[in-house]
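Each structure below appears as structure tokens.
What follows is a pair of complexes built around chain A, which joins chain B in one and chain C in the other.
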Partner chain A sequence: MTYLIRRILYAVPILLGVNVITFVLFFVVNSPDNMARMHLGQRYVTEQAIENWKHVHGYDLPRLWNPEAAGTGHVTRTIFYQNSVRLFMLDFGRSDGGRDIGFDIRQRMVPSLSIAVPVLIIELFLSVAFGLAVALLRGSYLDRWITLLCVAGMSISSLFFIIAGQYLVARVWRLAPISGYAGGLESVKFLVLPVFVQVISGLGANVRWNRTVFLEEVSRDYVRTAWAKGLTESGVLSRHILRNALLPLLTTIVVTLPGLFLGSLITESFFAIPGLGSYTIDAIQSQDFAIVRAMVFLGSLLYIVGLMLTDISYAWADPRVRLAET
Partner chain B sequence: MLIVLSAGQAYGALTEPWNAPYPLGARGSSVLFSTFQERPKHLDPASSYSENEALFTGQVYEPPLQYHFLKRPYTLAPLTAEAVPSPVYLDAQGRMLPADAPDQDIKRAVYRLKIRPGIRFAPHPAFARDAAGRARYHTLTRAEIDHFGALENFPYTGTRELTAADYVYEIARLAHPHLHSPILGVMGRYILGLDVLAKRLRSEDFAEDAYLDLRQFELPGARVIDRYTFEITLAEKYPQFVFWLAMSFFAPVPWEADAFYAQPGMAAHNLSLDWHPVGTGPYRLRENNPNRRMVLVRNPDFHDERYPSEGEASDAARGFLKRAGARLPFIDEVDFMLEREEIPEWNKFLQGYYDSSGVAPDGFDQAIRFNVDGQPELTPVMAARHIVLNVATQPSISYLGFNMLDSVVGGESARARLLRQAIAVAVDIEEMISIFGNGRGVPAQGPLPPGIFGHREGAAGINPVVYEWKDGRAQRRPLTQAQALLREAGYPAGVDPTTGHPLVLYFDATTTGPDMKSLFNWYRKQFAKLGIELVIRTTDYNRFQDKMKKGQAQIFSWGWNADYPDPENFLFLLYGPHSKVSTDGENATNYANPAFDALFRQMRSLPDGAVRQAVIDRLLTLVRYDCPWIWGFHPQAYSLQHAWVGNAKPNTMARNGLKYRSIDPTLRVAQQREWNQPVTRVLLWAGGFAVAGLIPALVGQYRRRRATAL
Partner chain C sequence: MVKPVLLPTDVAFLSSLLLVGLYFWAVRRDLLMRERWRTVLATPTGGAAALILCLYVAVAGLDCLRVEINGETKSLLDYLVSPLREHVETTYSAPFAAYGYAREVIPGASGAARQDYPRLRYGARHLAQPSRQMHADVLRRGMAGAGLGLLFLGGLLALVNRLRGRPLAGMFTPLTESTWRLQWLTAASICLALGWVICLAPYYHVLGTDKVGNDVLYLTLKSIRTGLVLGVVSSFITLPLAVIFGIPAGYFGGWIDDLVQYLYTTFSSVPGVLLIASAALSLDLLLQQHASAFPSLLARADMKLLALCLVLGLTGWTGLCRLLRADVMKLRVAEFVTAARALGTPPLKILLQHLLPNTFHLILITTVLDFSGLVLAEAVLTYVDIGVDPSMESWGNMINGARLELAREPAVWWSLLAAFCGMLGLVLAANLFADAMRDAFDPKLRGATSPSSS
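For the complex of A and B:
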């Protein structure tokens, strides 16, 4: 518990720092005037309209320090303070376009998760299965072929898999819709192709990584001892090799958890999945600082939570690890 | 893959194509399937201005006027109004003046509009009333709003008749400080008292969510005369104002909608007029999920409007008059699906799941070919599917601009003018259209696109600085003439005499992707033909806008899409007082020629006719000679429709065209089934391949088990 409280307290300055960096980077590229122009359109926009937009959205204040305010107003009467503090209460506020960001995030999280969760589970299962198979059959033709395919898979852009998948599976063979999304059970037919494509495009790297992990374990003394004791193959694999390989596997799995919520930009875009990845990119393109700031904050928060979960899972997977000592 | 595909498709695969993005049987009725690429930012008529927003607002809202669906050139026609209004001009004492009175004598221009009785708003909870006549949902608590959550959860809806007050209310909304209407600046200059009202409302500084009852504020420029009549008064003569009355800015908004959406707690559920419009149009927005799809459904209370019975001479032969006199709309529902990428959208069109489509760059060769006369036509594959191609020249222009404040390419000196003319001749716009636009464009001879009054076809319409009329068509002048102009300008062979090196010019642009690189290289080549070195200065969009505003760009690419089909809306781009640098106006090149400005002022007040044409001819002669633009091209839109879509005549001005569209759903379902039979043998091959792949593993495993330790 002490460990967790300490990690949570560490998170506060990290989140504050991320907020400051996001803020500075965003406003280096975009001035409030430009943001106003982007939202008001390019035609017939007057200076008065720009000033009015900035005033209504609070962008007429100084950015980080208000020299004209008194007392704490130096800090609180700034764009940064007015927009950032409530994030720590998980109140994302309104987008510059007027929408409730929390509402949108909740709505878009489901499509992102509906792709990411099956991809994680299927890819984990397949990459562990293939990794174990090639580790056990190392040096065989199967090992060489799978390794070759993995290297090829790692070398090819995921965009290629998407376009090829859409062309072959959806257009030529007509086995699944090219793109789209629906709610409920109907979503299954739309998720088949993006999940398949994402699994295939990510399989190469994961199988290669798992193969390396398993090979290291397979060659250890305790495995030789297990074989020598006459244990069955499944017993050696599941109770010895797989369990001891859990730590590196957990590291890769838990760190990917934030990505589950934040969505995949390219996949969501090509398959018209209304998730959080496309939400962020839309916001960057439309210079909606409120959404960009909220999504970066959420991403940072999820990564911190992910890393904490990693540490906790270490202790769960390996009793020798004690959180207080880390 | 096998398992997932099988499971995923099993539940509906027996009767429908596996790749169907929607159930064909259930949607076999009169539903149009279309797409959108970008979520609309605003659906409030006071704020909305983009094309992608007009796709929805144009069907939901009804301004007093509209463009006739079939007639060309584009003609205004009444929509909710009984007639297209003619202005009454008054002098300073309020006395009536003739229509041709001098502009300076006219102190008021009054437009009186009478709307047709019996028009009703689409059903909405904002109109719901209890037995005592009180609004049911105007005093909701936060808990009640949380309980309902979405519009469809309100058990009661209501409607009421459209009145003149709804139009006046909307005009006042243009001044609302939280709506940020993009036309407030323009209309504030013309509509009497609108800028005063805007200033007053800004000074009130009320909370963002608070309801502001604009009926309590006086606006002398918009007055209700009686239940069905209202007047708009302008502070000066502005003949083009009547075109604005066909835009959604002037569509009626019921005060009940504002009162309903302004209740505390609505915003947390994203319930706002900007997201859930309330109009009198043929459709209402039933589903607004711009992350996935937006659905328009027929407005059950839509008034009696009929399909036009007259149009262009060729309309009857093209089948556009088959439904003449029939009640609108023909389609019950329009489903717009989000498609961010062109490739999936194009493929779904080819599969028959979308009813119409543009031509994606990647699919251009697959769809279009040019015949011996250079005219586009469908490839045999498309023709075999009975797809129809429609080509429309857009009321737009894409051009290269010279900053007239620049010390090298700008100004009135002969040296700069000859330099601009030489470059205009050398930059081969025809080649550009061919390479980068697949031929989809018409080289511009001036700022006016075809179809806009003042544009001339044939020899009389060419730009003599750049073109000559030969063999019955406009031909670009040879490069030697450009080189001669350059020599005359004082840059022989492109050499700057002050440095002894090739003249260096700068092209300012935004970087929008890797595709731009080839275009930039092409620009360099065009300038290199004259010996001029072109340096491309790319920057992000914001900095580019700043450069333009400060007059720091030298040569740049720019464009304009017409708000309304009048030459004023193009020629004002060259009007001196609209300079970008001095007034942040739309004159991006900062061109200033007193003779042009005087003629422009004369032209904008004239009615279409011989006198106006003569003035426009003089205006065009001036700007062609001064050459502040390389005139570029007018883009052409190629659209494809399946055989089951009817009445798809392109109308580049109207935004409310869906009510005319028709569908043959039976033919569509039959074709979709025929074109989308799944190739199931692939799954058998994949299964066989997987089993075959397992055999070596199983054999290896068997051998390992059987092997001895030593």
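For the complex of A and C:
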């Protein structure tokens, strides 16, 4: 318990650092004046219009230190404070376009997760199965070809997987709609193709990684002992190798958690699915900095939570790991 | 008036190549290193990948040397492939097409206009009746190209034999050495492809044309520079950061370690694409403000590419830094480091003379792997609109321009295919090369990863 509290406290400076980075990027490199000009159009812009825009969005405050305000107002009545402290309360404020970001995020979470979760599960299952198979056949021609195939798969841009998937499955074979989304059970029809494409595009790297993980375990002494005892193949696989390879596998899963949230960036926007990924892309393309800032914060929060979960799951998977010591 | 032009990314790219060259010059007498690099090249996939990488680097290097003539800036590559550059059609045309992609109104000889596919301005121009003569012509020129390719290959073989000090009569021996078969096969296919391009490309659009009629082969060749510059320059920005932070953190520990750990956890906790997007957006705004500082469109696009390299480099150092830190932490307690410390070697010397060379293989392998990731990232970033300038030829822009055209009837697939092959060639080669390097440089993994090839 104390460990958890310590970890959470440790996360605070990191999130603060993230905020400093975004702050530097958005307010120091570019003055709010530029942002206003950007949104209002480059030409034919009056000083007054810029001032108005800045005031409406709260960008007319000083950056770090407000000499005019009284007491704690020195620090609180500034852009940095206003923009970063609110985020810690998970209050994302309004976008530069005037919409409530928090509401948008809650609404768009469902489609995003309904792609990310199936992808995670199917990918894990397939890559572990293939990884094990290849590790057992190590040194054979099949192993060599599958490894080469994995490298080739890694070398293909995810854009091509999406384009090819859309073209073949949706256009030529007409098995699924090309893009779009519907609520409720209807959505399954729309989700099949994006999930399939994303699983395929990640398979190469994952199988290769799992192969190295399993190979490391297969050559250990305890596995030889298990074979020598005359255990069945499935027994050695599931009881010995898989359990010992669990730790590195867990790490990869957790590392991909925030990646899934963002890996859907491209997929969602290609398949026109109203999730968080396409939300971010739209924000980037319309240069809505408030949304980008909110998503940066949310992404790093998820990453840190993921790191914490890794440590906890380590302790669960391997009794030798004691949390208090780490 | 002729004067050489050097854009910032040209300088960065060429000096990066120079550094790589210096590295090989420096280790040329080091027996262990020579043996290791020989192993890399002797691995079938590694050697083949090295050849392909060399080809890419050569094209990109030629594209980096520019001259300005009468106000027009062109690279050496532009001059070498000037027929490709100058043969601009009006719109799409399929590979080896003689007629346009879409019907147009053509005024007939008798004055009556008719709807038909127009003859291309350049594709198969030399044929009077393309539908009847084309097959024979393509075949003839193809044969000539193959002959030329074989000539190249023969020259290459002779050259290699000469360098190895063998008599010319023995020039077919390398082909029978089984370990070098894939390498020679790759060299042969490169030579053949070169021969075909030389013999066919001036007369046909070998890979078709894009929406505004540019030859796709030309665009693909020009994209090589963009992809390589992005990968190489970003890697060279990443390297010093990772080394300066990672090695001391692992060696000294204490507050330095805490600080570095904090830094890289913070940086890596921001989702990569978002961090890059934020930085690119900010830099883009900055460039827009100083738009007047860049005299030409080319200089502006180039500055944007450099900014993108900077962003990718500054956000990409955390992975290597973490690896270096962990590796140095292991090395810190090794006997040779303890001995050096006991002899009173100053810490800086230990870092530079003992730890850096011993982690160098890690740096090399990770850099080549990251390089392939960077080339892939370019396409994605360009799709999100924060990548290279739309006016610059790049695989990302090619994909972006063509991805919706598959929906046409008939589908326009050639741009996508060309970008796909161009990227796959580079990235696959880099990945295979990194694999071969890992097998050769990391003795721990030597047996584990490729038991069959050793």
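The criterion applied here is as follows: the second predicted complex is superposed on the first by the 305 of 326 C-alpha atoms of A that agree within 3 Å, B and C clash if a C-alpha of one lies under 4 Å from a C-alpha of the other, contacts with A are read in each partner's own complex, and residues count from 1 in each chain.
The working rule: contacts are C-beta pairs under 8 Å (C-beta built on N, C-alpha and C of every residue); 3 or more make two chains touch, one makes a residue touch a chain.
All values derive from a computational prediction rather than experimental measurement.
Asks: Taking chain A as the common reference for superposition, should the pair chain B and chain C be classed as clashing or as fitting?
Replies: Clash.
Asks: Have a look at where A:253 lands relative to chain B and chain C in the superposition and call it first, second, both or neither.
Replies: neither
Asks: With both complexes overlaid on chain A, does A:300 touch chain B (first), chain C (second), both or neither?
Replies: A:300: touches chain C, not chain B.
Asks: Just checking: does A:133 make contact with chain B only, chain C only, both, or neither of them? Give me first, second, both or neither.
Replies: A:133: touches chain B, not chain C.
Asks: Kindly classify A:282 by the partners it touches after superposition: chain B alone (first), chain C alone (second), both, or neither?
Replies: Once the two structures are laid over each other on A, A:282 reaches chain B alone.
Asks: For A:171, using the defined touch cut-off, is the partner it touches chain B, chain C, both, or neither? Pick first, second, both or neither.
Replies: In the superposition, A:171 contacts both chain B and chain C.
Asks: Could you say whether A:163 touches chain B, chain C, both of them, or neither, answering first, second, both or neither?
Replies: After superposition on chain A, A:163 lies in contact with both partners, chain B and chain C.
Asks: Regarding the shared-chain residue A:18, is it in contact with chain B (first), chain C (second), both, or neither?
Replies: Second partner only.
Asks: Once the shared chain is lined up, is A:215 touching chain B (first), chain C (second), both, or neither of them?
Replies: Once the two structures are laid over each other on A, A:215 reaches chain C alone.
Asks: Superposing the two structures on chain A, identify the stretch of chain C from 243-251, 387-395 or 423-431 that clashes with chain B.
Replies: 387-395
Asks: State which residues of chain A lie in both footprints, the one left by chain B and the one left by chain C.
Replies: 29-30, 34, 140-141, 163, 166-167, 171, 287
Asks: Which residues, counting only chain A, touch chain C once they are in their complex?
Replies: Residue list for chain A touching chain C: 13-15, 17-18, 21-22, 25-26, 29-30, 34-35, 38, 42, 138-141, 143-144, 148, 151-152, 154-160, 163, 166-167, 171, 212, 215-216, 219, 258-259, 261-262, 265-266, 280-281, 284-285, 287, 289, 292-293, 295-296, 299-300, 303-304.
Asks: Which bits of chain B are touching chain A when the two form their complex?
Replies: Interface residues on the chain B side: 1, 4-5, 7-9, 11-12, 17-21, 38-39, 41-42, 49-50, 177-178, 180, 182-186, 202, 208, 267-270, 272, 274-275, 289, 291-292, 337-341, 343-344, 347-348, 350-351, 540-542, 545-546, 563, 584, 586, 676-680, 682-683, 693, 696-697, 700-701, 704-705.
Asks: How about chain C: which of its residues touch chain A in the complex?
Replies: 45, 262-263, 265-275, 277-279, 281-283, 285-286, 288-289, 372, 376, 379-380, 383-386, 399, 403, 406-407, 411, 416, 420, 423-424, 427-428, 431-432, 435, 448-452
Asks: Quick check on the complex: what are the chain A residues that touch chain B?
Replies: Within the complex, chain A contacts chain B at residues 29-31, 34, 37, 39-41, 43-49, 52-53, 56, 94, 97-100, 103-104, 107-108, 111, 122, 133, 136-137, 140-142, 163, 166-167, 170-182, 185, 188-192, 195-196, 233, 269-272, 274, 278-279, 282, 286-287.
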